[in-house]
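Read the structure below first, then the notes.
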């Protein structure tokens, strides 16, 4: 059992599902967020309200930790200036602090939006070149490259989880891109328990019949998702509007992020259900 | 639900299995064939006897249709002159009529014989270059290239189903190449219900242990076959004659078509059971 | 020295430059065209006016020949029905006649338009999948596949010369796509003198700095072009209109053929100088 | 049913599990080993004590056989001189004798150690270049190349089973590399019953979540393993020492063989349980 | 002739060689730098001292320009915080201002350090995934991804010149990595005069015998370098210290940047001759 | 300048051309051969008659050497038993002795016959899998794999020169495969003077128009051949017999070795001119 884990973005939707399983994998889970409340704590969990964009706030929390699970960021498209602190500098702070405190590994919530302008029909693998769809995706590219460099230059491991879409399935794209909460937990568990990972990338997607990405080269991580969005296909497709074949959001991995104007919110119109896990 | 679908080759063996499921996916199914009888019609089905090689016969039927399922062709090797009308010009007529009437998509019964001279051991993907084994296969190459062009130039979508072998399993090759009727129906359903396909190719093969082709790059279509010819393996292999390693029909994807003389019937000696579905 | 060569399309622009060098490589050159006059004949050349779309006209001429140089076709985009005879059936006639008369090889004037919808920036090699831009290009795909099959099934060799553009350089695209007449002659010479070619494809392009295609895999043919369109760059670029980045004709290999409407002449607006070689 | 099979290395651990199923696939199974006792024989089995490094001892046994299953070798790292006879010359003797006696096929127990210096994270396929980790692995490279040549030059088929690790799972690496005895038997069965194999390579590994190699290109062989080492993961990982990221044995396919000094025993410290099947 | 070009980093060594040729390609060249003096101006050149890290300083200068040549940055490894303004935000400012003012293209001085941790022996092409060697290289990755996104989302073109090393050849690595000033000028000229580039990457390296990178896929740009560092090989190699095979700086593309500690100057020990062009 | 070089096979044809340039690159050249006479020695050259198949004969000579140039072997196809000593064990002795005496590098005369069964039309690169055409080629595979392992496990560098054909051009195959003596010398010089090579493979072939192999991935070695066999093409092709397209010797890289029976001399019928350099 690990001694200490640190989770950033603990108050977010994904964070809310990860806190309990993470708390069971270590003696102490330090959950952090920029908000001031994450609800009731699990037995060996403690909470710290910090701004990851400020090195001196986040760095000390990593002392003595084995790994950090970095899920904290603004989770939408915004003007570059707004993302610069939390999504760019915040990532730098995490990797640098992890290095300074001798952590073994960073597990990072990356995103399909780092490669969102690739076509769905290209079935990209984990070594496809970056092709971001938004400033949000650009921050994911930046953080992955940062992780690659800290491994090559300093021997700090990283697993970048390129999550496709982790939310209730309510549109045709999600039939391919869905990551169930159970599969998210398996994915994070594998990212932690695999003995050596170097610098690795793996797509966070369930075992969907229509999954448009290829995890083959991450095989050694042992992530084998169990859920399948095909259970929702009939209902979703019956209601779906005709596809607009000239819309990058239809043809590209990034979905709505691929068509949104740079700097404008992409999630506003996406009807994401906030089914955060209650604690 | 779709308004109208058109099926060519409706009196053929594959057509006979597709008519019922197709009739359930649309308000009106127009089944066509060059023969004059396809048996009892399903509730919302109507039949038209047409020669697809004659534009003015087939084209008007596509008016108002959403998609056309193009399964009509001479299904065997023949001299080029005999295939020119139905298998070449017929395909042109379908795509051109689909364009003229503003259809969204052509679903085409292509065939492994478009790439039949590739070795089985090469596990070709959907982007392997054409390598036809017969004039029959050449017509499939021609039609696929036609579909590619109508998408690139006119925005008309196509899914080309490269069927390996869809018939009762009664020889060793079929242990790898078999496509069950149920999986055929799933394949055609996916080709219809996937919101956007652009120009796509997918191998029509069941979930056989010995499947010699790679559908990975068509993953977004969500075709996940359920049947497996391995159930027949013990019986088939016990009776099989020794393999002739110098016979292209043994080593190549196309099987008997890979060894048949150009222009001569390849199916005559294949003992294909005519288990056409009775209506 | 070869005994007999047959050249189709001898009255065309490219044919006019090939007749003399070809006549020097064999005891007898049979030049054919659908027109009735190709000017003064070279010493060991004879002319036959034939329609390659009619098997019985062209086939007998191949008797006793070593190879046929197949350059005859309608050289422009046209409705499919107009190309069907000369560009499709004509090719079949050539390969079939070559087989019937035991020729060693077909040297075929294929074209970039067989792969014209690929992006210039993709630097496609000779094994890129077909992606025709016009019915004209589709006929090139058809003929290449035919050649592949006659090699695999009947041992008849083919070299397909995918010519990019062989005409005076008078536009920016030609800075990359130009094939000089001297390099054309070298290319055809290599296609003839290489002892074994199986089924081969090679791009017909000069040694242009801006050449957008990759002949590496045809290296064994020894085609090493000498001319370079860069000599025309300064003048051409000074006069060029700004590029329209949304025009497939600008971004794709096929140039004007990539943007022309299917079935409409693509060369009408191209100002191709008819500098046919006088004899 | 086959007439005769020959098994070398019959007294080894893997051999002990193969003798029974092999004896059921043929009229006569000739089991051989350099030791003098393999326990009770199965009904149609006979035993011959031979040294495979001596051509005249092993060769006569292959007379009249359909195939030879070549599992005999020193199964550990040793100085080159010690392996030269059994692992190098022994292989030559098997292939040469198989050729001399007209056998159809050699099924060879190759090993991951032929490619053991590749990184686990590279998910190598069956066509990865050789990259041996030991003299032991070098002998596997030698034998595979021998098999490739006997197919290309003499039409003798081979299947090389690159076994990852076939032993009780008692360390983290084995979570990815385990080959269960049942899957070993399936693998050997497929290597025998597939009608044509040419020269083929296939990884011998179970259906482990964490399998680090890619068998896709051997698909036509129909090997579909059923067991999964993930059942042991929790217990194994709980006890595991921290990974040493600078140890090739941790990062490379070959595991302990990748870090052992050349010529020194690699298995001594591996705690391989000798659960040889009793007969 | 172009109306207006903007050059950032005009006072730098590379900038000093570009000012004259650039001034000959346009009616007005606006040269900018953070320093206050770039020497005598060329006839149609004007100078503006600006900090590119401040949007309002640099943006207005781009008004009415056709293209911007972005060479301004701190040209060495430094702590992330020091590079954040000029090398990261500065790039954002350039692309955003170029978009706001409707420029056609950004020509960007990227660097081998974006992929500096790749092995020299891997002969990486322009589509190799990012693998930065320093924060300096990370800023190049960031800027390239930015350029990719502005093309995909906003139709703003970019050419990223991944310069290997542009300085006097005085060490063995430079025999492969050298970019002569003349070839730099050719490279920049091609980046400007090519009619359409979309988003392109090209290595900035001379025609060195030992060049370790592959520009094939940028062929359409027509960059064909003329100089060759092999002229210096004998002298350089005679004096060279033995290679340290365990030093990433010896084996990797990035050279000294690959071995330097993150955040520490890499150029201090490199003896780069400041042969800035005098004006 | 190097202190000491060792050359095996010094009495061979290739050795005879290498002795002088090698003697100029080091203070002492030790030339060895199994024969007892290599003619007049160069100033700083000494000769030792040794059998490389005997470790104790060859090993002591390597003491104090920087590198060994391993050209000694039986240079023809022979029965496996005859090649086992000189071509297999001899290679082991060289690498092991090089390791024991702390040499920096082995430069090995490998051969196209390690990959001789690949098709010429496949334009194989340096990473093509082994595909030997003879026992002679098998020994080259063995030695290359040995070199790979000594680098991976012991940090001993190797350059494997896969020579295609180094002899007077007197047949069509040599138009592609020729390596001139001058280019051989350049190749060996690069293999010595490149500061770091790890384990490298490079094809030994001149700058022939018809070269059928791809050295791109060995670019960093800086081997840029100057000679071109095309100068002999006209004369050679005029005299050549028609190609037999069913002969592997015509279609495969290995030429006559690809068609010779295993174990039988391949060079007997090749009319190789023994133009050994006189000393």
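Lettered A, B, C, D, E and F in written order, each chain numbered from 1.
Definition applied: contacts are C-beta pairs under 8 Å (C-beta built on N, C-alpha and C of every residue); 3 or more make two chains touch, one makes a residue touch a chain.
Heads up on the chains, UniProt names are A, B, C, D, E, F = Uronate dehydrogenase.
Small disclaimer: the values here were computed from a predicted structure and weren't measured.
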Contact-graph separation of subunit D (Uronate dehydrogenase) and subunit E (Uronate dehydrogenase), given in steps at minimum: 2
Residue-number overlap at the subunit B (Uronate dehydrogenase)/subunit D (Uronate dehydrogenase) interface, same or different (half cut): different
Higher-contact pair (C-beta pairs counted), C-F versus B-C: B-C
Turn needed to bring subunit E (Uronate dehydrogenase) onto subunit F (Uronate dehydrogenase) - CA fit, degrees, nearest 5: 120
Between subunit C (Uronate dehydrogenase) and subunit E (Uronate dehydrogenase), centroid-to-centroid distance (C-alpha), Å: 41
Subunit A (Uronate dehydrogenase) and subunit C (Uronate dehydrogenase), separation of their C-alpha mean positions in angstrom: 52
Computed distance of Cα centres, subunit F (Uronate dehydrogenase) from subunit D (Uronate dehydrogenase), in Å: 33
Chain pairs in mutual contact under the definition given at the outset: A-B, A-D, A-E, B-C, B-D, C-E, C-F, D-F, E-F
Touch list for subunit B (Uronate dehydrogenase) against partner subunit D (Uronate dehydrogenase), complex: 120-123, 172, 175-176, 208-212, 214, 230, 233, 237-238, 240, 242-243, 245-246, 250-251
Complex interface listing, subunit C (Uronate dehydrogenase) residues touching subunit B (Uronate dehydrogenase): 80, 84, 88-89, 92, 96, 117, 127-134, 137-138, 141-142, 145-146, 148-149, 152-154, 248, 261-262
Touch list for subunit E (Uronate dehydrogenase) against partner subunit C (Uronate dehydrogenase), complex: 1, 104, 155, 157, 193-198, 200, 216-224
